[in-house]
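As structure tokens, here come the structures.
One chain, subunit A, appears in both complexes that follow, with subunit B as partner in the first and subunit C in the second.
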Partner chain A sequence: MNIAESHIDKNNNKTHIASCNACKQCAPLGACIAFKGIEGMLPMLHGSQGCATYIRRYLISHFREPMDIASSNFSEETTIFGGNRNFNDGIDNIISQYHPAVIAIASTCLSETIGEDVQRLIYEYKGMHENESDLPEMIFASTPSYQGTHLEGFHEAVFAAIKALSENAGSVGNHINLFCNMISPEDIRHLKEIVEDFAVQSMIFPDYSDTLDSTSWDNYHRISEGGTPVSSLRRSGSAYASVELGYILNSGGMNGRIKENAIKQSAGEYLKAKFAVPLVRTGLPIGLLETDKFFDHVSRISGQPTPQKYKQQRGRLIDLYIDGHKYVSGKRVVIYGEEDLVVALAAFAAEIGIKPMLCASGGESGKLQETLKIVLGDLYPGDMIVGQGFSFDQMEESMRDLNPDLMIGNSKGYYIARKMDIPLIRTGFPIHDRIGAQHTRTLGYEGTTILFEQIVNALLEDKQRKSPIGYKYM
Partner chain B sequence: MSEYLQDREKQIVTKGKDAHDVEGGKPSLSGSVSQRACVFCGSRVVLYPIADAVHLVHGPIGCASYTWDIRGALSSGPELHRSSFSTDLREKHVVFGGETQLYQSLVELIDKYQPKAAFVYSTCIVGVIGDDVQSVCKRVAEEKSIPVIPVMSEGFQGSKKDGYKIACDALAALIGTDESLDVSSMSINILGDFNLAGELWILEEYYKKMDIQILAPITGDGRVKNIQNAHRAALNVVQCSGSMMHLAKYMKETYGIPFIKVSYFGIEDMSDALYEVAKFFKNEVVMDKARELVKDQLKNLLPALEPYKTALTGKKAAIYVGGAFKAISLVKALRLIGVKPVIVGTQTGNTDDYRLLKTICDDGCILVDDSNPIELSEFVKQTGADLFIGGVKERPIAYKLGIGFCDHNHERKMALAGYEGMLNFAKEVYETVSSPVWQFVHRTSSEKN
Partner chain C sequence: MSKEIDTTVKVEDLSTFKETVLAKYPKKVAKKREKSILINDFDANPQIQANVRTIPGIITQRGCAYAGCKGVVLGPTRDIVNITHGPIGCGFYSWLTRRNQTKPENPDDPNYMTYCFSTDMQDSNIVFGGEEKLKQAIREAYELFHPKAIAIFSTCPVGLIGDDVHRVARQMVEEIGDGINIFGFSCEGYRGVSQSAGHHIANNGLFKNLIGRDDEVRGSAKYRVNLLGEYNIGGDAFELERIFEECGINLIATFSGNSTIQKFENAHTADLNMVMCHRSINYVAGMMETTFGIPWIKVQPIGAESTAKMLRKIGQYFGEQELIDRIEEVIAKEMVEVKIAQAKALIKTKGKMAMLFVGGSRAHHYQNLFEELGMTTLSAGYEFGHRDDYEGRTVIPTIQIDADSRNIEEITVTKDETRYNPRKTEEELKALAAGGMEFNEYDGLMAQMQKGSLVIDDLSHYEMEKLIEMYHPDVFCAGIKEKYAVQKMGVPLKQLHSYDYGGPYAGFKGAINFYNDIEMIACTGIWKELKAPWERESIVEAEYVY
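== the complex of A and B ==
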């Protein structure tokens, strides 16, 4: 058994009590990303000023877009006497400055610890302004930073928006819900293109493909254009199916949580339970096999065959796999990041003959290993280390004896790749040391094509660079 | 100005138009998208560059994650400051207390990394759940025989500026606890330089040429032992007065060390920084060396700046930075290369700082305290600025509006201090303003052609 539990690396029996170089961020950050997928929305963090500022800075360095996140700006008095005045003033000030259609509120560790009841604050605020017809919608996600990671925050926000806005239209519509997980704006655009090509009407959520990847402007836009419209979110209850990308999502237990029964629902599960919307769950479509699954699902749901365009893309991808297979065969890779992304990348690596040696995530669903076993099937390497709740420090320790050839993950692993002098393929979140993170395409046959080429070329570059000869043909 | 937040009028002044002073130091309004950060942030950035200490953030993971390797503060030796340590508190700690987690984390990290000291930063919830951080620190300090210093920086306790003060208190706890270093009669401490992109090393070169010893750089390229010996220096030279004045005053009261306030940005301020130190030591030889150094530097620098000045004359700049001292230096430095400041704002300036800024700026210049993206973008349009000088959070404002940007915050990778820094600065301003990409951006400001 090679699964390493949080803070205990069973390979060398060292304990990790303190976290060193965490491979995760806190829940409110993920909530802010998901909220950015709602049209006309401005987020507010209920807590100290620093949370909003740090998260803004962190997200700007990745998306390179304006990132207006308001804060209720707790003071010492607020912390002692409660945040209702800050909350009300905050909402007033947001409305007067931004005129949003939606104000999305996420809690922080501080407001949760002092026991702020934000749902009640919203209720009271609405009560005080009941004569105002144009009040924005208000959505609340409970995201204490001491629970889960940014991914749990992301999924909690997706769930919160659906729970707050979805309605029962009385009849089943002709549209589907596509819950796309935390992917790049470019990948959201690609998913939209795919479902459109199947002639399926869909609500993709959260759709931050424009809000977090906008054009150059003439005037500052207080709220970026784009996002999933509130009207579409309302209709999510009458969709004829929901497709959810990601096997794990927020389904896991969280380490350090007291009530294990407080396990959360996903948006798709909620709609299934509440409005009987059938739910299909599949992985992030990375690699041929996982992309096939996604296309099969969409094909079945829509009753349409996969369009020729994608059959061609698929064919070209197989052709490319063959062209490149010898460069990657038997290579050893370390994969890290959010759990569902790790599963998808590991499946992809395994199907092209790259051996995942370590699959690590800051997430602690407790489901990473079993999911990898199911998805990779026969290609699951018996000696692979699955590091759940891992920090980069733990990864680095585990990697010493693994002799890896490359790493795939976000930019924070760069320092390890640099020390070990191996290539790092940057994907996922965050990417803070390159431009274009918003344009990384990883999903579908096309995304896999790009990713495969990046990997092969990085290995070739590495070989070329380390060779004394300077080959002109590789 | 109807679209600005109410109650903010007193924090915005247009020179030549408004008679009142900019009111600094007010807390940010709820619901604002302030560019300011929290108490923890203030403490963390000040202490961050101390390279042989463990910096343990006691709280949930976010605060540590967002400050991992955040500053380009270089070290000539150990690099422990570039790792991000956290107690990674969970729900169970919130309910049952995090003291055990803190104690075990400290012991583990000290055993593993053998640091010269440890700083423990309290974050918001630590203040609420009532962990006795001080006694845990005391216990570990006794057990491990190194200083373990609590930094009581709960985020909600105030603003970033309050965090500076708390960091100064933490430094004060270290100062005076060692006497082992050799100290010359002409020794100084450098307060408030963080060795971003190696800037401290530039200053070190200058002072070395003047036979001045830098006893303790606080905190750029900082070492625990030097800080412990800092009370033995003859003079404190304080930059970034916002963050370090508290410590300078403390050291004057406690150890009788006088201080001078300087800035290393721009020719004028840099030269003054050298002359003031020479003047303090009342040593003609040192003063001559300073004069010679300045002459020597300017001989190369002034002609090198000339082409930039020619190209940039008439351009307009917006400045929005953390502290007022930096803003003042930037105003002067921009003038040297022909650029006119049209917006000057800070996160943490006080009313006196703004009074001084008002005297050195031109009529029409907008002075603003604790601004936000909406205001700043409005000001940029109103004034027709060609360039924005700020940090990462201001960058999208500049780029989305299609104007140049110069990073003058702690993430920059280019030295901007000293004479070399002035040339780098001119070059960076020129490179962004003169880029041909702006031709593709539609600009609607009436002041544009």
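== the complex of A and C ==
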């Protein structure tokens, strides 16, 4: 089937209007993932029940864990007269069934379009129940799905939680905030291990390492155990430093936003402005160089040298690079997914001698190219295509002449890898055609080791499979 | 968790369920839920509350009208380009998630099901309107594929900002020409109470825009049937197509598993409609009878016995000995393998308990398979069924139409002046009815379920937890949203939306697959092994060796 030629002009600008096979999901989905990182939380989507159902089914297919999301179940009547009553009923019923410590609310395109003022609804609800001592905390993130992608929704939720809960303790504590970005539960656990080994007290947020990757249970837990405690979120205002992973986060523009007046703040920026918490921003620690940067920051902040354990991990990674360089050198890769993830993966690919040919994302921060240039430095390939606001359809079109050897990204790109008969290394979100998405390891020296091995082995497997002889030594 | 399963749950025990869960709800909610939970006693004409709006804050299995329209009914047709008009989420989440399979007859035949088209509405479209963007999307889709038909599906904001998808469709038909068929669906997610609203909207659209556009009688003039409400999950339609072919039955169209535009357009040339999923497609059956004179019967080709029953009904309807004999031959041949597989499974499955909470027909149909496995369905209910799906179609006149149903378009159809052709005379129909055939009739789920079993409509997540906790069934049937929560509690969950990526389960071969799968998941001892040695009550203690 012939894909229209008209999608991308010579200057690589989008010329088509509609989306064919999008490389992004909607904002409330991202918000739900981030909210899952709060201890004792139950999320509610303010809008039609279909949003909660679709998002639940989609997140569950990735994490394979229970994922309860309530909805205020808008009807046609609600749509016309407003969601006030549905909101109150929804909160009442959540409290009576679940007794959550926190109810996190995200809006949808329906409630945003009719102009629901959810902050006011929360205020009014609290007013009506002011004599009740154990009222849950309520957090609201504005996430209309016609603005930004799931990642903007994620960062908006992180920001909303911090804004709603952080307090000024009066004095600076001995703890740090680590805003870990949208990573796998296993990677969150690894980050926790690293900061613990530096003997730093830290609040990792959002910590869904247990809530979205729990054990088998003896008794059913209505709300999964784990998550960043509310008390830690409150203390985020008195931390002596914040570390944010990801260069772009929600700092750029958004798909289709009319007003680009930069009202968006990241959680770290908010704490810096409000409570003067110093902010360090570095990339997702994937690959040797970006992981070095991360360890350097943590070492400086903690005043501790990098523990021997990580020096060993780093040493083994370099040794592995040496062992495997001949298999990867000069290979051509297509990388896609969330923007910060794309930057980190591209930096990693470039440092091991794999040439990123196309870096694509459904996000439209407007910052992808400049960030890639800064992070990759001399390793930035001049002819690399950077696709902001790309769909898979556009990616496929761009890839036609790129002759790539492999793809790195989520499951949705599989059909292209299949057509081109090249391996796909699955990472990011969503992964629903492999088991173990929650255990994907990419961060730190160890995560990079696993990723590097996956890549080399996929290339070897590909070569072996296509070889007419079938060598056993490769 | 690994407690021994009590296979003798008594009716009295089941009746405590209701009071237990209701006690936890606020008064208002308890009062409402009370009417949707009942102990089955079909002879006493019980009335269940169904198809009413889910209470906010109660976590439901239900989806929305968009999901029912785009995802369920129109999704499985391979040669219509489906464009979602709205922000990206809805289109993305319905992109190949339902496992509808399709098999183009030739390698060059179009299959657009693997594509996800969306107008990806942005801020400015919400403010200034999205019709122009939609038009452009249609132009692009046309340039890309030159399809015979394009369908437009509205999401929530489209209705709010007042984009008229139907007008856009008309305008684009004129602009593009080329005999293209473009039609829109007002299936905004806030309409109705569940995906059921979307099914109805889709049914209307199918009838208005596709059915009856092509009068050419293709293939044999004998034994022409349509199968309605079969969506080819996991290859179900392929298995049924195989069986029909073996029997010499001429399947004109399936709505809408493995379907094409041409099959829809040609469907009115069939002589019998068979309704499988009553909830999602009965409107089409009714309209085709009124307009073209095609009678319809309810069938359940889930379970080997009920598949055989369906075939015999077809034989009886056409009444020709040649067909009846052929059907009996096929049944006899197929049943050999079925019986072997059944006997093997029965050894382990007999006496086990199942619960089913899924769909608008599956919670009923799959009870056939469990019966064949010697298993009892302790509790069941629909996600989006109506009262007639529980109590039978006889209650339809007594169903109160509420505001949520009133906003779904009801189209009135009349006899087609030239093409109305009653396939059977009144006398013939009477004779067939006297012979046991029921036309335009569906008895519902409660007629089949045992007295004393528990029927629950729109089961909430909380009620599901309670069911598992209190009765610990051997297998729980629902979907992926429920799967991992149920399995955390040590009960296997069989997905009856996606079949856990297995199937087919329809027809004879499907029954064999289901026997094997249930034997495997419901009779495994693995759930007893979850505790580590040190967590078990009697620990073998180590001894010192001197």
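Keep in mind that, in the parts below, the second predicted complex is superposed on the first by the 457 of 474 C-alpha atoms of A that agree within 3 Å, B and C clash if a C-alpha of one lies under 4 Å from a C-alpha of the other, contacts with A are read in each partner's own complex, and residues count from 1 in each chain.
Just so it is clear, contacts are C-beta pairs under 8 Å (C-beta built on N, C-alpha and C of every residue); 3 or more make two chains touch, one makes a residue touch a chain.
Keep in mind that what you see is a predicted model, and the values were worked out from it rather than measured.
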{"item": "Clash or fit (per the criteria above) of subunit B with subunit C on subunit A", "value": "clash"}
{"item": "Subunit B versus subunit C as contact partner of A:Tyr473, first or second or both or neither", "value": "neither"}
{"item": "Partner chain in contact with A:Ile91 - subunit B first, subunit C second, else both or neither", "value": "both"}
{"item": "Doubly contacted residues of subunit A, that is, touched by subunit B and again by subunit C", "value": "16-22, 24-26, 28-29, 44, 47-58, 60-61, 64-76, 78-79, 86-87, 89-94, 96-97, 108-110, 113-114, 144-147, 149, 214, 216-220, 222, 255-258, 393"}
{"item": "Sites on subunit A touched by subunit C in the complex", "value": "1-4, 6, 16-22, 24-26, 28-29, 44, 47-58, 60-61, 64-79, 86-87, 89-94, 96-97, 108-110, 113-114, 144-147, 149, 214, 216-220, 222, 255-258, 362, 393, 415"}
{"item": "Residues of subunit A that touch subunit B when the two form their complex", "value": "15-22, 24-26, 28-29, 44, 47-58, 60-61, 64-76, 78-79, 85-87, 89-94, 96-98, 108-110, 113-114, 144-147, 149, 214, 216-222, 254-258, 393, 412"}
{"item": "Subunit A partner contacts - residues on subunit C that touch it in the complex", "value": "1, 24-26, 29, 53-67, 83, 86-95, 97, 110, 114-127, 133, 136-137, 140-141, 143-145, 155-157, 159-161, 189-191, 193-195, 403-404, 407, 461-462, 465, 468-469, 479-481, 483-485, 488-490, 530"}
{"item": "In the complex with subunit A, residue positions of subunit B that touch it", "value": "3, 5-6, 27-41, 56, 59-68, 83-95, 101, 104-106, 108-109, 123-125, 127-129, 155-159, 373-374, 377-378, 380-381, 391-393, 395-397, 399-402, 440-444"}
